[in-house]
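Each structure below is given as structure tokens.
In the two complexes below, subunit A is the common chain; its partner is subunit B in one and subunit C in the other.
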Partner chain A sequence: MIAATPRWVMALATTFLVAVAAFMLVPLFVVVASSLSSSAFLVFPPPGLSFRWYGEILGSEAYLRAGWTSLKLAMVTVVLALALGTPAAIALSRFRFAGRATIASIFLSPLILPSLIFAIGLLIIFSRYATGPSFTGLVIGHTVITMPYVIRTVSANLADIDPNLDEAARVMGARWWQRYWLVILPQCKTGMAAGAFFAFNISFDDAVIALFMRAPSVETLPMRIYSTLEFSPDPSVAAVSSVMILMTMVLVVMLSRVFGLSKVV
Partner chain B sequence: MSAGAWRANREPAILLGPGVLFLLLAFFFPAFQLLAQSFLTFGTEPVQFTFEHYAKAFVDEFYAGVALRTFRIAFTITAICLIVGFPLAVIIARAGPILRASLIVIIILPLMTSVVIRTFGWLVILGPGGVISWTLEQLGLIDNSISLMHTEAGIIIAMAQVLLPFLVLTTLGSLSQIPPSLEEASRVMGAGFFQSMFHITLPLSVPGLASGSLLVFALSISSFITPSLVGGVRLQVMAGSIYQQMTGSFDWGFGSALSVILLIVTLLLIVPYMILVSRAGGRQ
Partner chain C sequence: MQKLSVRSVTKRFGELSVLDQFDLQVDDGEFVALLGPSGCGKSTLLRIIAGLERPDSGSVHIADKPVTDIAPERRNIALMFQSYALLPHMTVVENVRFPLRMRARYSRSEQLEKAREALDLVKLEHLAGRYPRQLSGGQQQRVALARSVVSEPNLLLLDEPLSNLDARLRETMQVELKRLHERLGLTTIFVTHDQEEALGLADRVILMNKGRIEQAGTPEEIYRRPRTVFAADFLGGANIVELEVVKSGRSWKGKFPDGTTVPLTNSPDLEAGPRSFVLRKEAITFQPVNSMAVINGSIETQNYLGGQTRSLVQACGVDLIVVTDSEKTEIGRRNTRIGWRVEELVPLEL
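Take a look at the complex of A and B:
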């Protein structure tokens, strides 16, 4: 069929693909390139190569603290999103009950509401009923926006697995905890792993909820990058961003290993 | 509910309970508070019911300008994403396994990178002494360095890169449902490449293209990170001025009213999107 595509169309398509790849990847590439600059300013092309900015961020207490905060936040978010999302996904894919469609759409609704709107609501709540934005507030916000991903990946995972295995265990006299621990949860493993990668990535990268829930004592990496870009960008921001790009690449590779990229999209 | 019905539904109820409770408290309650705040006076005692925030949003010419700019930018971005995204999705759908996988990585990797970092990349590219300016200078096309920072063109270029993956992925969903035999048949029957493209492939991918563009449009009117960093304070968009109201001037009543307006526009777009997606899903 491809052979029936006119040759000049193929040539045009190739040019187009190169242009699109450049358009998508150059912004990431220039960030990495700037991080290797020997200059104290962000100029292109960089006058020389150096790793000094990586040394700089490793010696910067502010970046290290922000990195630690982001890591803690992402890990707590992953645990909570899995703990709340996995049972919901099991219920939605293994049981038929009244109002199932409504409940399913309730669980997916955080994907639809712009996170900007949700972030403002969260800010209002935490200022009115608590002592203002806090780490807990960020954890709650991130759990809300990542839970739908866990539900989607675990549901997709369960759709591929024979539900009769659970039924068989029940018939053979397994207690409820034996069914969940020995049959159902092992079946959800792949979906939970993929959901965890998504949740980690979204939480670690989020700037929208983080910027609204900005507390004086809590700063994540994206918040720090945003405020540095607003005022005085220098190559150390590029170095931090490059580390984050590398982490994303690792996550994408793991995600495709565990789940297959074709299933993700 | 009878005892029997309770027994039958006990297991899903226990599984769903914590999640539903969490969403009610942490998601629906904040959304409701936002709605309430937009109708209440802010910072006065006692708090009173008012329409003043909405009145201000509709009367103040500054915000009319901001809204106009927001929609103009969102339309342009959607158009660019359609023009670039459709051929890209068609190529991905027909490519061999290796090319297909690498193109999907090219789409997914930026999508999964923090929007702050992608915008940073665009600041380096668009700014004075940046990549574009340097390239044009080397080619002898310009004498002095140019900058696309603080221009609408800059905002549009940067945001189109951020949002293109959404259009490509939704369109890919539609394309994968078209049986290849349909196109082969049209070619065998004598249709040219473009004839079969326009009469077979394009019409059949309309659900994907439509839902993808609604998604891109909705996402672009609610983004503020890229427009704020590339456009600066002078070129405000709606989401940016909401951020400003909430965290800068602390006029929460007005900020909430602007958010509710934005939300209504988004819902007007998202509901058709959901219907399109569920229809496309139903055809499988």
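Take a look at the complex of A and C:
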């Protein structure tokens, strides 16, 4: 075969690819390796191997409470982001109305704007008009930053469907609610799954909004990790992180099993 | 009984007038083609009949009931889209059952039974459990067809039913559609821009142009006796000849540019003066008999079409296309006699 691309270009590209992969994977490896450390300090490479830090975090009330808070928060966020984002995507793709483009940009703005700005605003509002930082505040914040992902993925789904489906269903006797429930929503399934995945991960991983909305009563897992790292760094941090990595991987595998990864991401 | 009556329907999209005082009556069991170029209003008319579009004025009656203000979901009609519009998340049998399910007709098991019968009709019963994406284009179309007939609709509307299929499938589907119509007797109206499809399927062809009926009639009438240049052109192209009509004794004759005259059939609207005539390509023969109109010409070029030969003949100052079933004759032959039955030279409207 005659090379369509010069060899040195291919070599360069390969090197680049390997470098990128390394930058993405090596930190994960370091974290997982550190979590298996027998040392009492967070050092790399670990002097010996043990599972003691996993036992440590499972026995730590602070970690478990933070984990539970994060899990609850992520699940509520997913439900709200889907409940609000899916109808928004359907409306934006099906209807032509005045201000449609503006509304679409506003809905997607959290993707572009730094969440820091949003978090400051949220904190000011909550301090002035509510009881200050709270779980509800976190839920609102996370719903706002994750909804754009649901809108994006569901919209991509809707753009792919046969535009005649709705009219065909009408002629076949389907009333408006039957068309939403039996024709349009089922088409959004993969988009909703992908959106839910993003929403869960972003909420579970968020440190910015959580930083501003943090209160003694509501501490999320990333905040717990951060404060541990700040005041008493030990390999428990790495163990928690490894659990989070594992959880994400399980989620990805589940999604790709059910919907096919290429369709989702 | 009249299954469909469209009464002076007008439809405008902004400045553009799409249908202009359009009238159409369709009898029970008829198979009607709405034929025309894109933008002639045929698709809009179909959408108005289905209720997906509202006419600006005029009315639509289905089975003698006014339906102009009735939503499509309550009209009890079926519309097969060009894209088939199968529901991708439902199996074949669920797709076919859908119209019965939406109208809450019959029990669940009876609905499934009916759906299977409809699938049997298009010979797809064995694929009932598949999803649409697992089927070929032709199979998808059959599913769409089964779904259209399952609810025994008052009207079956088809939007360009064959245009998404390749040439061979189109032929089979054409046979199948005809068979299905004969078997079920459903009043069927379909839209097409393909004259072959219209002539091959319909009992009656409505040729549309710029939102009006250009000509309507049986396929034979509309093909053999086009009344306008547009009709003659659109239906497979034909020779359009300019002749000078002259009176000779009690009969009319047509004079070619070089002065040759040919007999014309007596028609009440003939009058002396220049006139356009249509002469079908297959109406001309190289073996004329005495009762025919006969002229001399020369064959300029020939194309073998497989079973047929197309020749360009120069005769009496005009170019004529001749399509014959015979194999090639010599090219460049001078003084070839060509002829046609006198009534094949059809005067077009003035």
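Here are some notes:
We take it that the second predicted complex is superposed on the first by the 238 of 265 C-alpha atoms of A that agree within 3 Å, B and C clash if a C-alpha of one lies under 4 Å from a C-alpha of the other, contacts with A are read in each partner's own complex, and residues count from 1 in each chain.
Here, a residue touches a chain if its C-beta (ideal position, glycine included) is under 8 Å from a C-beta of that chain, and two chains touch if they have at least 3 such contacts.
Just so it is clear, the model here is predicted, and its values are computed rather than measured.
Upon superposition of the two complexes on subunit A, no clash is found between subunit B and subunit C, which fit side by side.
Judged by the touch definition given at the top, the superposed model places A:G121 against subunit B, while subunit C stays out of reach. Of the two partners subunit B and subunit C, more residues of subunit A are touched by B. Within the superposed three-chain model, A:W53 lies out of touch with both subunit B and subunit C [touch as defined at top].
Contacts of A:N164 after superposition on the shared chain: subunit C is touched, whereas subunit B is not.
Using the contact criterion defined above for the overlaid structures, shared-chain residue A:Y149 touches neither subunit B nor subunit C, since it reaches no partner. Across the overlaid complexes, the C-alpha centre of subunit A sees subunit B and subunit C at an angle of 100°, to the nearest 10. In the superposition on chain A, A:F259 makes contact with neither subunit B nor subunit C. Residue contacts after overlaying the shared chain place A:F200 against neither subunit B nor subunit C. When the two complexes are overlaid on their common chain A, residue A:V208 makes contact with subunit B while staying clear of subunit C. In the superposition on chain A, contact of A:Y63 is made with neither subunit B nor subunit C. With chain A used as the common frame, subunit B approaches subunit C to a shortest CA-CA distance of 13 Å.
Judged by the document's definition of touching, no subunit A residue lies at the interface with subunit B and also at the interface with subunit C.
Residues of subunit B that touch subunit A in their complex: 8-9, 11-12, 14-16, 18-20, 22-23, 26-27, 29-34, 37, 84, 87-88, 91, 94, 101, 103-110, 112-125, 127, 129-131, 134, 158, 161, 164, 169, 172, 180, 183-184, 187, 193, 218-219, 222-225, 228-229, 239, 242-243, 246-247, 252, 255-256, 259, 262-263, 266, 270, 274. Contacts from subunit C toward subunit A in the complex involve residues 50-52, 71-79, 81, 83, 85, 87-89, 98-99, 102-103, 147, 151.
If you check the complex, the residues on subunit A that touch subunit B are 1-2, 4-6, 9, 13, 16-17, 20-21, 23-31, 34, 42-45, 83-85, 87-88, 90-92, 95, 97-98, 103, 106-107, 109-110, 112-118, 120-125, 128, 140-141, 143-144, 147, 176, 201, 204-208, 211-212, 214, 222, 225-226, 229-230, 233, 237-238, 241, 244-245, 248-249, 251-252, 256, 261-262, 264-265. Residue ranges of subunit A in contact with subunit C, taken from their complex: 161-162, 164-165, 167-175, 178, 182-183, 186-187, 189.
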